Amino acid sequence: MINKVVSGAEEAIRDIADGATLMLGGFGLCGIPENCINALVKKQVKQLTCISNNAGVDDFGIGLMLQQRQIKKMISSYVGENAEFERQLLSGELEVDLIPQGTLATRCLAAGYGMPAIFTPAGVGTEVAEGKEIRNFNGKDYLMEYAFDADFAIVKAWKGDTAGNLMFRSTSRNFNPVMAMAGKITIAEVEELVEAGELDPDHIHTPGIYVHRIFQGKDYEKRIEQRTVRKSAVG
Amino acid sequence: MINKVVSGAEEAIRDIADGATLMLGGFGLCGIPENCINALVKKQVKQLTCISNNAGVDDFGIGLMLQQRQIKKMISSYVGENAEFERQLLSGELEVDLIPQGTLATRCLAAGYGMPAIFTPAGVGTEVAEGKEIRNFNGKDYLMEYAFDADFAIVKAWKGDTAGNLMFRSTSRNFNPVMAMAGKITIAEVEELVEAGELDPDHIHTPGIYVHRIFQGKDYEKRIEQRTVRKSAVG
Amino acid sequence: MFSKEEIAQRIAKEIKDGYYVNLGIGIPTLVANYIPKGINVVLQSENGLLGMGPFPFEGEEDADLINAGKQTITTLPGSSIFDSAMSFGMIRAQKVDLTILGAMEVSENGDIANWKIPGKMVKGMGGAMDLVASAKNIIVAMQHVNKAGESKLLPKCTLPLTGVKCIKKIVTELAVLDVLPEGGFKLLERAPGVSIEFIQQSTAGRLVVEGEILEMRLD
Amino acid sequence: MFSKEEIAQRIAKEIKDGYYVNLGIGIPTLVANYIPKGINVVLQSENGLLGMGPFPFEGEEDADLINAGKQTITTLPGSSIFDSAMSFGMIRAQKVDLTILGAMEVSENGDIANWKIPGKMVKGMGGAMDLVASAKNIIVAMQHVNKAGESKLLPKCTLPLTGVKCIKKIVTELAVLDVLPEGGFKLLERAPGVSIEFIQQSTAGRLVVEGEILEMRLD
């Protein structure tokens, strides 16, 4: 019987080869597939194209892959504070395609929903529109943007079951469900892996049909990028 | 303070006037907004354009509006067994636009996601393609289909809260969430209305931003169209 | 000759472990009864369910849980529920491995007609046009000839089309046939007791017969 | 002259009961502190949250619950979580009533530049291009002049654009201005102690002054 459950990150990423195009879920450091990123660093796979909203920080998340110069090209909406990223970009080692965040999300959705292209007004009249088809609907201009074509999508969920169904927790959901739908092969790491039947079918965010490999991750650090708090006193 | 909660179906549909375009959730008789349909029948509003996957049966659901000749045009994928529907269609009283079910769903999604048009291969090479723009992506032909433009979307959910958040139960979800996103004004009737804060934010299917009016419906019949069972014995 | 049940049984042999399968109404529905033991198959119902289970026991029917044929059904461990946009999204994105549906006509280039008969009341295409336009692997389950005795495997469809160049395989009461990429019905197997000549007579489109054609086996 | 807090306080007066509002980073974030009592406003965070609450109490930070500025936050009764595609879907579909964001430059025809300075490290536009291209109602919160003393209200933006013809209103430390449909900055209010002449000197684009211009009131 086909079994989607793999032993861990190493097995899950076993066939990710140099030059692959990867989607990586997460927003900032929230909801990133920590186990798979660490395994990719260990595996030393190179020349990757990474589609991810952000690029991690210097010593965590995708930043670790940048440190090892594993990434040829980043497709992101915001690359934040990352000194190594900046160095590689300025030296020409790293190619960067900055695209609007909604365009990024919707190009994932398009892939997952079998729509070859979508229309968005984001970027009309800006350098993002250069070379793109512009089309007017009801008096408003839209850019035609193409569905992503990624070899692998790597996502992090809160809970998953052996059928590949995923549930996300709070804002760590972000890009994970849309990327899960968009990979030719989708790898999900979860904080808790349960038997099929333990998750309520009504509460599943990503149906198992979209998930090819799943495993329970370990040692999640879940680093916080901007720890903001208020005092316990009122106000 | 703005209050989305209305007293019932009559108040919810108070401003639906003759000639309006309505979306009505449900698949067959499953998940249809029974209370609002009954109120529309009582209100005797006419010349409606109804976007709904099906048209009910003779004596239930949208069929009741057909009996009262309130509908000028149906936009559906399958109109099933409905003698009055057939009579009105053949006599020319009723206009019918039959479109593929996925196209119907995706045109709703497009409206809810602010995408003026989408591409689908459904109907290429058939009479559905007549007069439509065909576009080839990666060697495959797609039709360009436009987002729906509906005055009101009327949906039925299982639970809702005073902020307009909705949760659906089992396959009564169907078209309801995508239509909820697509109406200029969205009306939700729910089996159980609770205070904001009682629904888990992670389990909300339709965020309240899409819902303008909400009420707890009553006397749900939830009729079954095809009651199929197996014997209690094995096999 | 094969019964409807036997057509379904033969089609079930095409289903592989791990497949996600969408079954149309009619003979395709029967396929669920013959899925080989030991393989894991998930049935998709396009109204928004993965993991369709059997009919409920009497008294356990749930009006909120139906399949695309509006029949009361059940879920299974691992089932998931989603909305209609996601359902057809996964169909368009070819996440569904196999689609099995009925047809009124199939042409030798793989066109299918199964939704409309001019002059008769039209009920609509439902999800059929989405399924045939998107699926990477479609098997048609149907009778070889219609009630008037006319072949349903044609050089060209006469009825309004549901989809073009999309059908890969056909299973009838007489035969199993592939639709060739270059056009034509390639005879793969014949039903027990059915001659190649009879299949030829029952097939209006171009029939390709090469090598030995075995009788279908259902064991 | 107004402080950043006072700019935020003035903008908060534009928020109406029932509004769904997206607040950008910087001064816009401060607006949340001045939402009038008795009105119900829901804050959207484009990473996938409606109903953003205040920062958590110390020790209650949740790494899985952040806003678009990556700050730890909380939810409120009625909050909902969704994925990034739905988040920008509701933005594109203009379900968000008001967007408040900062800018480096605004032109007199409503163009905005706020994401890129040639020669400097580019961090990316994040969700800003989606927000400005889609929102029906955008207010810019910014300083009237930059650190070099140059006006940020220009006949034409000099920096790479974020969006075109999209800004409706601007609130600065000196004034409240509307961007006119036909072009030009229409002076609506001036900050206490700031003269029309000073605003004129600080505005490189066409300033339209008609009738009496009152001082802003923040009560």
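What to note about this one:
By written order: A, B, C and D. Residues from 1 in each chain.
Everything below uses one rule, namely that contacts are C-beta pairs under 8 Å (C-beta built on N, C-alpha and C of every residue); 3 or more make two chains touch, one makes a residue touch a chain.
These figures come from a predicted structure and were not determined experimentally.
When each chain is reduced to the average of its Cα atoms, D sits farthest from chain B.
Chain pair with the larger contact count among B-D and A-D is A-D, by C-beta pairs in contact. Inter-chain spacing, taken between the CA centroids of chain B and chain D, is 36 Å. Centroids built from CA atoms put chain B at 33 Å from chain A. If each chain is reduced to the centroid of its CA atoms, chain B and chain C end up 28 Å from each other. For chain B, residues touching at least two other chains, in rising order: 106, 113-115, 120, 168-170, 173, 201-202.
In chain C, the residues touching two or more other chains are 49, 75, 81-82, 85, 88-89, 91-92, 134.
Counting only pairs that meet the touch rule, the chains in contact are A-B, A-C, A-D, B-C, B-D. Here chain D touches chain B in the complex through residues 17-18, 20, 38-40, 42, 44, 49-51, 75-82, 85-86, 88-96, 134, going by the rule given at the top.
Taken together, the chain D residues at the contact with chain A in this complex read 45-49, 54-73, 75, 81-85, 87-89, 91-92, 111, 121-130, 133-134, 160-165. Only residues 106, 113-120, 137-138, 140, 142, 146, 167-170, 173, 201-203 of chain B touch chain A when the two sit together in their complex. For chain A in complex with chain C, the residues that touch the partner chain are 1-2, 111-115, 161-163, 165, 181, 195-197, 201-202, 204, 207-210.
Residue ranges on chain A touching chain D, taken from their complex, read 27-31, 53, 76-80, 86, 89-90, 98-106, 108-109, 120-128, 158, 168-178, 205, 222-232.
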